[in-house]
Structures are given as structure tokens and as C-alpha cells.
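Two complexes follow with chain A in common, the first pairing it with chain B and the second with chain C.
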Partner chain A sequence: MSNSFITQPARVHAIWMSRRRVLDKLRQNRFLMNSKTIGAFLILVPIALLVTLAPLLPLQAPLETNLMAMMLPPSLEHPFGTDRMGRDIFSRSLEGVKVSLQVGLSVAALALVMGMLLGTLAGFFGGIIDRAVMVIVDIFMAFPSLLLAIGLIAIMGTGLVPVVMAIAIADIPRFIRLQRSLVLGLRTRAYIDAARTVQASQFWLMTRHIVPNSLAPMLVAASISAANAILVEASLSFLGLGIMPPAPSLGNLIREGQLYMEQAWWISTLPGVVILLIAISFHFLSDGIRQALDPRSRK
Partner chain B sequence: MIHQGEILAPLLDVRNLRTEFATDTGTVRAVDDASFSIMPGERIAVVGESGSGKSAMAMSILRLLVYPGRVVSGDVLLEGRNIAQLSERQLNQLRGRSVGTVFQDPMSSLDPVMRISKQMTAPIMRNLGMSYKQAYAEAVEWLRKVGIPDPERRITAFPFEMSGGMRQRVMIAMALSCRPKLLIADEPTTALDVTIQAQIVEILKTLTSEANTAMMFITHDLGLVARLADKVAVMYAGRIVEFATVGEIFSAPRHPYTQSLLRTIPSPTALNTSRLPQIPGLPPDMKKTLRGCAFRERCRAATEICAREAPELSHRGANHVAACWQPEGLGSSAIDAEPERALRRNDGPFRDRVIVEINNLNKHFTSSSFLSRASRNVIRAVNGVNLRVRQGETLGIVGESGCGKSTLARLLLGLERPCSGEIFTEGLTQMVFQDPASSFNPKMRIRNIIEEPLLVKGKGDWRTRQTRVEDLVKLVGLDPAHLDRFPGQLSGGQLQRIAVARALALEPSVVVADEPTSALDVSVRAQIINLLADLKQELGVAFVFISHDLLTVQYISDRIAVMYLGEVVEYGPADLVFNSPAHPYTKALIDAVPIPDPARESRRASAVLRGELPSPLNEISGCTFATRCPLATEQCRTEKPKLRQHRKSREAACHYAK
Partner chain C sequence: MLAYSLKKLLQLVVTTIGVVTLVFFAMRLIPGDAAAAMAGDTLSGAALERLRDQMGLNDPLIVQFWTFVRSLLVLDLGRTLTTNLPVSDLIMSAAPITLLIAIATIILAIAIAIPLGTMAAFMAHKGHKTLDNMITGLAMIIDLMPSFWTALVFLLIFSLTLGWFPASGPISWDDPYTIVMRLALPILVLSLSQVAILARMTRTAVLEVLSEDYVRTARAMGWSELRVLFRHALKNAALPIVTVVGLSFGNLLNGTIIVEAIFTIPGVGTVLINGINSRDYQLVQVLMIFYAMLFVFINFATDILYRALDPRVKF
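For the complex of A and B:
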């Protein structure tokens, strides 16, 4: 009896201490406790929440028209106002953000995976593999990325998947280059030689040593690429090549609104501001990753 | 030193200097209450391990500290003027005209896109008010003085066209060309080979005594101190712990740290039958506020007063101060009380089992560019090498950088394929690398690092591997608690132990150690050398010990192979090669090594090996060493000497080997 009497507060104390330790760990985490990362999360988390909860919110559906409420300025009922067909721009913007995030994240993931794969192979093996990969990369990098994307969309047609493919293909060469240069620096490290002296396989060297040590800078590049992809998708949609109306995307929302700029500034401007916020937050995120992983940027 | 009956004012007077570096994990007190002075024409050596604050002190004197470092308190008086009160402009004048500086790394201290002429004339014109023409002539003259051949032509060169030794000469010429009264040199020869180091030291010595220039040079090499200094300041944990004339430091050191440090260096005369005395432990964490003496945890003479209060510098003689509570430091009794373990060497009849046999090994690198495939450059990194390693012996390989010793190591490990020749090995060959910082994957824990060879080879299940890893860590003298750390959390010495543990994981018959101690501090170096010597005895592993540090190689090796331009020029038992070298290159190499004994250093003839390693690109028809050899004759230039037997157990490749 006396035992439990003693252990009970001790246990409480232990739990409390372990919680404090978790908090301390969090406080020491250089990625999370970074002003840039916090900034990025302050923008991205509410936006992501709104996008996922949009169907539950008391909003007009994005494609629903209401001819009684055309071109209304922002109000409580329509936070971003309405367009010339009486559609709710806030609800359409959220739908557009969904598209933007899908494009940004898929492009970044695609570019990261392909860049890591081909860049590692080219940098690690060198020789004919390296030359073959790099010739293709150089050819792709000779095109302006927007023109390349337009050309690819002309072949593949419009819609979400072609847009993602088109932007990713323009981004992958840059990732291959980056990964290759990282690998060239890593493959002469003594720990690679150490593993070679025990006849570790090439696959072992690449997966255990090369990839983990090149992941950090590649993640920085991926978050910048996500921001870039969101902007390119918006540009393509603005040009009428990306997501086709009536399906909303931030780019085609701006395009639709630009004709009415003088009467209804909100149609173009507010989705534009949303693009800006998302792009900035991805850049913040990349800064956060870089600062967390780069020991030289310690304050 | 000058004592002409009159009282001279000191050239540099440092009083109670305190320098701190603010980092995100705490404030590092880099220099703690340092006071000393330099008289005109005096050469002062500042000795200490990395992190002891010696460079920070030099930077504070020059007011070159950058954020986050700052001078907290204390005064630096140069020719009676307090440098803290000078404007940036006055300070710039001072840095050129009164103080010259030479830094450690000759590769990064010259502007790579500027010709030598421009870099040298600019300060001369500014500080001495000369015209460009005069300054140019002056610069050529200085280049001649520092021993650059053909200075009229070389002055138009870019830094990348020069070798490291040549660049360091240019740095010295630049520093001295404005005729400063004080030269501050921060590890001026650390990045250079011994033969080049000997030349540079000679130049520094003659040029500073010619112009009566005072010199403050920072080094960790006690041999260099004996060769060059008048007075020595020994630093430990940011404090000057002993300051005395060079003779007294070496003959009658009073601080336990100096005493221990001097004993950790292998002596060239001793028979090396015992282990190196080592200083236990590591230097203290400079971020913590120290109570008491900073050295007490590694000091065998420490008493309770050492823990309570830090000792002040107090006189031990007219020109001798030391900061220790014990008047004699460790004293003779404490030194004798040290547990000594006999170091059994594989001397006498070597074990006869040859486990590595290298026959006529060649490795040539061809560099051909896309445009000029016709004009190929061939670098003969390893050229016709024959060597044998016997079971349980240590073969030392010495030579200057570029002699092919590291390529030989890579060939031995199978990291490079030979162009021709054969390597037979019995059992596994493993490696300990030079730089502990890059030998380990920074993303892996120590446990997984040591486990990796076992995992690759599929040795045992998880449980047996874990016990093996723990055994290995204990074998190299580390606490298994270190296993869950990352490489970045361990010190250089600890990492080198881990490297040894990893190399031993698969029970190899040969471990190749490529400069395993060159990145370590003197006090830690002895620990690693002793560890390797112990392991050789306990496990019967053969070591191939590659180094440019001749004293260490001589200490640890049973046999030595001396390499020059990809060839073995002498091979034989260590003591024999070291004490009566047969090849003139071996002799020159040994002569160039600074020995921590000022008496011996002053008696030594200053006949240093002239010139530098010739470019390995040129095809040499005769003896490769003929271009630098004092004995070279016509025969040497045309006929290549073969490695042949001299006396009983030694081979040398020289026509005139005695």
C-alpha cells in the first residue's frame, strides 16, 4: 500500500518529465523552431485545412452559378466576391488551391524521385551512362521551361495529369544535374572507400551512403520546385493551356477576371494574392529546411 | 636576443588579453588572460594544440578577429601604441608596415586571379612609397631572397602555376618586403613537406635575423620550436601556462602539460622499446567556466588546491614563468611512477610468413583532354614497386606528398586497379583513413558504422553482430556508451579509434593506415600510436603505416620503405634505415626533420635538400632523385639504379649507396 503511495506521484512525475523532455526536444528542433518554417506553416496549414474542409463549409459549390448575384464585391457571404456568372470566387479559389497544391506536390515528388534516380546513376557510374544522361539533360535544359511545357501540353492535351507531366519534365533535368553534382562530391569520401574495401555492392553504396547524404539539398530544391510548379501551372492556366474552365484553377480565375478589372477588381486580384501566399510559403519552407540542415547557418 | 646594456622597450606588449567567441551553444573563452611581450628581433614560438587559443591570440593582436569573436578586455601595445584605439586606416598602415603576416594555408592566402607581380608590388608601393618600377625590382629581389629560382620570370606567374612551397615563399616575401618590425606566422609550414619545411624555416631564420625582425610564430610542432625560437609560450585551454627561453623549455620544463607534451614525441635516439608516454583524456570544453587549473584532469600531480583555484604565472627563474601550484610540475617522481609497458617489437628474426607480396607494381594515370588526345600526360604514381609485408609486422612507408604512397595504399586495398604487376595478399586488407571527419557517413550512428562491414559480409545474426561491435569498441579503448552517437559528436582521436574498430571488424590480416595521426593533436597522437602498437601485439595484425612524419614512422615500424616519385628507393629494418640511411634521399629526409632538442638543432648543419619534387609528368631517364641529389654524377643522369641489397637486410636504389 505504501508502495503505490510512493510510486503514484513518482509515476506522474516521470510522465510529466517525459512530456517536458518532448517539449525540450521540440524546442531544440532546428527545423520546427525556425522563423521561416513557422511562417510557412502559418500560411499553409490554414489554407490546407480550408481546402479539405471546403465541402463542409456553408459555401456555394464552386461550379454553381447564381444569376441573381453577379459580380458582387467581397462580403461575409462571399468573402472573395462573385464573378460575372454569380459563382463564389472564394469557393472557386479553394478549388484552385487544391489544384495548385496537387500540381506543386506531384511535380516536386516526381522531379525528386526521377532526379535522384538518374542523377545518382550518372554521377556514381560516370562513363557512358553519365554522358548519355547528361546529353539528354543538356538538350532539355536548352528549352525555356514554359515553352517546353506548352509544347508538351500541345502533344498531350490539357488537364491535371498533362500539366503535372509537362512541368515535371521541364524540372527533372535540373534535379538530375543537382543530384549528379552532389554525388560527384560524395563518391570520393573516405567512407565510400571504407565500404568498398569490404566489397559492398554498388547498390549498397548508393542506398546507404550516397542517397541519405544528398537528400537534404535535394529537399530544398524540391520545395523551391513546388513553388515554381504552382506558378507555372497558374501561367499555363492563364494562357488557357492548363486546367480548362469551367473547372477552376487560380490561373484561369485570374484570366477570367482580367476582362472586368475596372468593374470588379476582386475577381483577379484575390486569387492572385492566394498564389503569392502559397509560393512564398514554399520558399520559406525551403529556407527552413536549408537552415535546419546547414550547420554553417547556425546563429 | 638583444641585451646591449640598455633597457629596450618591448616591440609588442600584450597585457591580460581576453578573447571570446559567442556560439549558439555557449561562449568560448578562446584566449584567457594572456600576457607576454616581444623584444625587437626576438623570435617567439606559441605552442599549443588545436583550440588552445593560439590563432585567436594572433588574430586579436592584429585586430583581425571577425564576428562572433571579440576581444573582451586587455591591451595590445605595438611600439607603445594601443591598437584598440587606432582607426581602421591607421591599423591598415600598421599591418603592412610594422607587422607582416604569413598564414598556414598557402593555397588560399594568395588571390588566384592576380599575378604575383601585382600582389607583391601593391603593398610595397603603398607602404614604402616606391614607384611601380622600383617596387617591381624590389619584389624580384625579395623573391630571389626567399629562394624562388628564376624570379624575373616567376614574378609574372599566377599563384596556381606554383607549388605550395613556392606560394609560401611568396607569402613570406610579401610579408617581409615592407620591412616590418614584427612578423606573425600562423603555422607557416604545417601544410608543407618536411624537406620544403626545412627550407622555409631556414629562410625565415636568416631573413629575420638579417633585418632584426621580431617574429611570433604559432605551431604545434615542438621540433620546429627547437629549430627556430628564442622563447616559447606554451598555451593550454586559452591560457599561457609556461613562458621561457627555448633552452629552459626543453631542458627544464616546469608545467606538467609541457613536461607531458615533450615526452609524447617519439625520440629519434631512443631505442623505442617502450610505449609512448601519453597524456590521458582530452582538453577541456572551453564553453564551460573552469574552476581551478584547466589541466588538472589530465595531470598526475594534481592536488585539491588545483581544483579550487587556478594557478597564476609565477617565476621559476630569471626568464621562466609557469602557471602551476607545484614548483617542479610533475617532478621526477611522478614521471617515473608512470606505468610503463614494454613494447615488444618484431625485431631480430622477423616472422617469415609473407602475407602481402607486391611484385613490380605499376600504376600510371593518363590525363588526356578531349581536344589534345595526341599529347598525353602520364603520371607514374607507382612505378615498379616490389614490397613484402610479413605477418604481424609494421611496414612504414614514408615520402613527400606526391611520391605515390597513397596510391600504393589504394592499390593494396583494391580501390584502384594496377596497370601491371601483381599483389598477392593472404586474408583481408582493411584501411584507416587520414581525415577522421570524412571517414564516416555523418548520417549513421557509430554502432551502424562499425557494424557495416559485418552486415555487408552477412556475418552472424543481429545479436552476434551487436556483441561483436561492443567488443570492438572496448578493444580500441572506448566506452560502449559512444555507440549511439553520431560521428559529429565525437572528437578526432575518438573517431580514429572508431576507424580502427571498423577496420578490425572482419579480422583482417593487414590494416593499411594512411596518415592516421596527421589530423590529430600531439597529445592525442600518442594515444593512437600506442593503440596500434598494442593491437599489433595482441592480434598479430600486420600494419602498413603510411606517413610523412618520420619520427612516428620510425617509432612504430619494424621495417621502413622510403618512396620517391613512385619508386621505393630504400627498404629495410626501421632502426637501420633511420640511423644509417643508405640512400641520399633518405638521409636528406631524416636531416630535414626538426627534432625537439634545441642543442641538437643548433649543432645540426643547415645543409637542407635544395629544390622540390620534380613534376611526375616528365620522363626521367636516369635516377629519379638525380635532380636534387648532392652526390649525382653523369652516371646517375643516364643510368637508372636498381633496388639492390646493401649490407645484410637492406635494399637501396643508388649507385653510390654505402
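For the complex of A and C:
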């Protein structure tokens, strides 16, 4: 090994330089080197690790009951305590986090894609398409979001897929509106006119100019939407209109603990702290994206 | 102003028609139909057919739609499925409680948030970052706490442990004491997140005004800081605050559904959840429209108020 250092100094130097370049790139990355982003990852990475490694950890299975260990307060063996049927709240919370993250990410992705599509069409073409889309958007936005989700659940029934659909439908109008206003701002820019003069097609303009340039604010909105979706899912499950027991979700864990607040405070309160942590980390993430992309906040 | 109001009013009417149409047709999307969903496994064959007839589900769609619109217009909303009470009576008795919670929350939130936000802005302006950071950080955390969780923690601390407020019990309009005691915690819980949003907004608005030239001029004239704050900063911060109160009213309505469920308060939210659980779709569709109308009307009112408050907007 040491031989190569003597015989190939140039190569070593090249490797060293390339490594430094990578480090410099990292250091200059305004998204990753942002205190908000780092904060988000400091919360999200350990939680994601715990969720994925849960089957390997010495934890009771989420659905396993143990009548010898009912309503135990938090201890080393049961970090969040146990419930009325001796189930381990910690492993149930981890299972619930899985549901939360699934809901948050799918809703954000659905809302982002649908919002981009309809918002771009409405903003770019204007006229009758714009009118039609915006009338529908206005009607959907006449409902408070949780109420709209509750109404949709009443129609579609409970469960993971209906919950994701319901929250996404309640969220998409906001994305359409945002994308439309971004497109209206971009439409009259000089580079779009320039592309038009060289006979770029409408499709080319939308996919190569409009969409990439509106992606950044939409990603910020998507990150907030993920946090919001997690809170709405928890609210729905709490009301008994979301993920139904025995499958755990953070919301229905809190619902189950509600009856035993006096005897066992840990059943409801600790999963609530987990929801709060996840919601905060997604908000940090959105701040990180915003600060990285906002040229005015350049140091 | 009149032209603007009329335009907004027209929008209100269009949205209302849209909301009623959407709710009506969405409820026809229920797998099977409302009668089958309502009856579950209890009815079949001829009996189910009779229920369909009774509910008017065998009429042509356009006739059903007209019947529905007419029932909304004359406020004859039929009877509930489980208790056989007139739906309009049910809403009339539940709505005042929900409205009281919402209005009291807004008042309390404004009373707390504006001094707090102004203080944060003032501190930030003077370069005292610590207090400002503390207030804004706390506001973010409070805003993100799930309201049902905060409600449960409050219930645990103030009702179950300290015993200051009853966790359940009747609410009667003849006895204001029960109303105050039973509604205090829900209002407090709901106002927390409203305070968080409003305080942040006030901070931004006041901070912006504090760096304006006319504020510097006022200072140069030897005005005291407090006078500058009251005469200029707060007056100009009123506009964004009105907007935010209007916008967060939807969140507030969402919140009332949740706190009513937790504190067992017989408001509109409780009626809605019961309606869904007993599959009373005719009740659910009326309540959806009720909430949407309330929300739309508040937005209309804020739009008008905003224009009325801002002398710079020309018509």
C-alpha cells in the first residue's frame, strides 16, 4: 500500500483533489449545509432507522398481546409502556410511524403531480380551461380541509387507501392554485418569449421551461403538505374515520388511550410526541428547501 | 366598494351552487346507494326497495336534485335516521355552541397574539434576537401540535389531575356557569394554534412597518417608542391580521370538530361524527353544506372588511 504512495504521486494527488472537490461541493450545497435541513435529518433519520430495523430489535410485535403486562408505565423493556391488552406502545408507535410516513409521502406526491398538471394547464392556456379548473378549485376550497376529508371518507370508507385519497383530494386544489400563480408569473418572462420566437412547441415550453422553474416553490409546498397530511391522518384515525384498529396508527393509538387517560397517561401522550416530532421535521425540511432556493437568503 | 361587494356576492352565490351540487352528486357515489349503506345487512329485497322509495332514490336524478335543493331553500331538512328528530332543530340547537366556541377562540387568540407578535417584532427590530427566536420557535411548535393531542393533554392536566374543569356533563343555555366551565378548555386548546399563526403574522407585519420611513420620521420627531408602535405599526399591521383570521377560520372549524369529540360537547361536529357512524347520509350532506357555507361566508366577510379597512385601495 505504502508503495503506491511513492510510485504514483500524481495519481494520489488527483484522488486527493477529487475528494476535496467532493467535499467542497458538499460544503457549498445550500440545501444540505443548512441548519434547518440538518435538524430535519437529525429527527427523521433515527426515526426511519428505528422503523426499518423494528423487526430486528428486541421488541414485542405490534399486535402481540401479553395479559401479564397490562398498563405498565414506561420502562427499559417497554420504552412507551403498555396498553390495556399488554401490547407494547413503542413498537405500535413505530408501526404507526410507518403508516404516517406512507400517508405523508403519498399525499405530497399525489398533490404535487396533480397540482403541477392541472395548475400548468390552467395557467399556461388560460381561457376556458383556466375558468373551468378554477371554478372547481374554488368549490373544493369552500370546505375546511379536515371536513372535506371526513366527507370523502364517509363516501369511500375507512382504510389506508381511502385516507390517502381523501387527504390528497382536499390538498390538490391548493397546489393547483399555487402552480397556476407561478405559471402566470413565468409565462411572460423573456426566455419564454425567446423560446417562442424559435418556434418551440407548447409542450416543449411547458416541460422544459415552466415546470422546472416552478418546481422549487412546489417542493416547499409539498413538504408542508406531507406534514399536514400526517396531522390530518392522525386526526381522522383519532375520530375513528381513518386507519381502523387493530392496525396501529399514531392517531388511533391516541384514541385508544383516551379512555385510560387517568390510569395510564403514556398510552396517548407519547405517540402524540412522535407525531409532533415528525411534523416539525417536515417543516424544517421545507424551510431548508426554501432557504436553499431563495437567492435573497444567500450568505 | 359597491361594485366590488356585488362581484364578491356573485362569487358567493356561484360557489354556493357549486357546493350544493358537489355534495349532492358526491353522495350518489356511495357504493351501492344511500339506502343500502344505511340499512346494512338488516334489510333486503322488498323492504330495501320500500326504503329506497321512501328516500326518493327511485326518482329520476334531476327530480332528486330538485327535491334536495328545495328542502335546503325552505329549511325543511327531514328527520334523522336514528333519533327521528327534525334535522333543522338538531342543527339549530348544535350550531350556537360551535359558533360560540369559534368566536370566543378568535377573540382570545387576537387578545394574546397581537401583544406577543408585536413584542417579538419589537425585540427583533432592536436586535434582541433571543426573545424573538424564543417566541417564533415556540409559535411553530405550538402550531404543529395535533389539536386532539393538545386537547387530551389539557384534559389530563386541568380536568383529571387538577380538577379545575369538569371533563363531561350537560351544557345548558340557562346556566351560563356550565357553559363557561365546559367550554373553557376547548376554547383554550383551539386558541393555542390560532395564537401561533396570528403571532407570527403580526410579527412579520409589524417588523415590516417598523423599518418604514414614516416610522423613522416619527422617531425623529421625538415620539416615544410606544406611541410609534400604537400610532403606526399596529394600525398598519391590522390588514394582514384580518386576512389571517379569515384564512385560518377553516382550520378553526376543523379544530371544533375535534375538540367537540374529545370534550363531548354537543356541537355540529359531534352531530356530524354521529351521523357518519350511523350512516345517516342525508344528515351528513346537510352538515357538509352547513360547514362550507359558514366558511365561504366568513371568507366573503373578510374580503369586504379588508377592502373597507384599507383606504389605499381605489375602486
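Operating definition for what follows: the second predicted complex is superposed on the first by the 291 of 299 C-alpha atoms of A that agree within 3 Å, B and C clash if a C-alpha of one lies under 4 Å from a C-alpha of the other, contacts with A are read in each partner's own complex, and residues count from 1 in each chain.
Going forward, contacts are C-beta pairs under 8 Å (C-beta built on N, C-alpha and C of every residue); 3 or more make two chains touch, one makes a residue touch a chain.
Note that the structure is predicted; figures quoted are calculated from it, not measured.
Look at A:G240: by the touch rule set out above, it reaches chain C but stays clear of chain B.
In the superposition on chain A, A:W204 makes contact with chain B only, not with chain C.
In the superposed model, A:N213 makes contact with chain B only, not with chain C. Once the two complexes are laid over each other on the shared chain, residue contacts for A:I155 go to chain C alone; chain B is not touched.
Counting residues of chain A touched by each partner, chain B versus chain C, the larger count belongs to C. After overlaying the two complexes on the shared chain, residue contacts for A:A195 are found with chain B alone; chain C is out of touch. By the touch criterion defined above, A:S100 lies against neither chain B nor chain C after alignment on the C-alpha atoms of chain A.
Of the two partner chains placed by superposition, A:T120 touches none, neither chain B nor chain C. Once the two complexes are overlaid on the shared chain, A:S286 sits clear of chain B and of chain C alike.
Shared interface residues of chain A, touching chain B in one complex and chain C in the other, do not exist. By the touch rule above, chain A contacts chain B in their complex via residues 189-191, 193-201, 204, 208-209, 212-213, 298-299. Listed in rising order, the residues of chain A touching chain C in the complex are 135-136, 138-140, 142-147, 150-155, 157, 227, 231, 234-235, 238-241, 251, 254, 257-258, 261-262, 265, 268-269, 272, 275-276, 279-280, 283.
Contact residues on chain C toward chain A in their complex (touch as defined above): 11, 14-15, 18-19, 22-23, 26-27, 29-31, 140-141, 144-149, 152-153, 155-156, 160, 250-251, 253-254, 257-258, 261-262, 272-273, 276-277, 281, 284, 288, 291-292, 295-296. Only residues 23-24, 410, 413-415, 429-431, 433-435, 438-444, 449, 452-453, 456-457, 502, 506 of chain B touch chain A when the two sit together in their complex.
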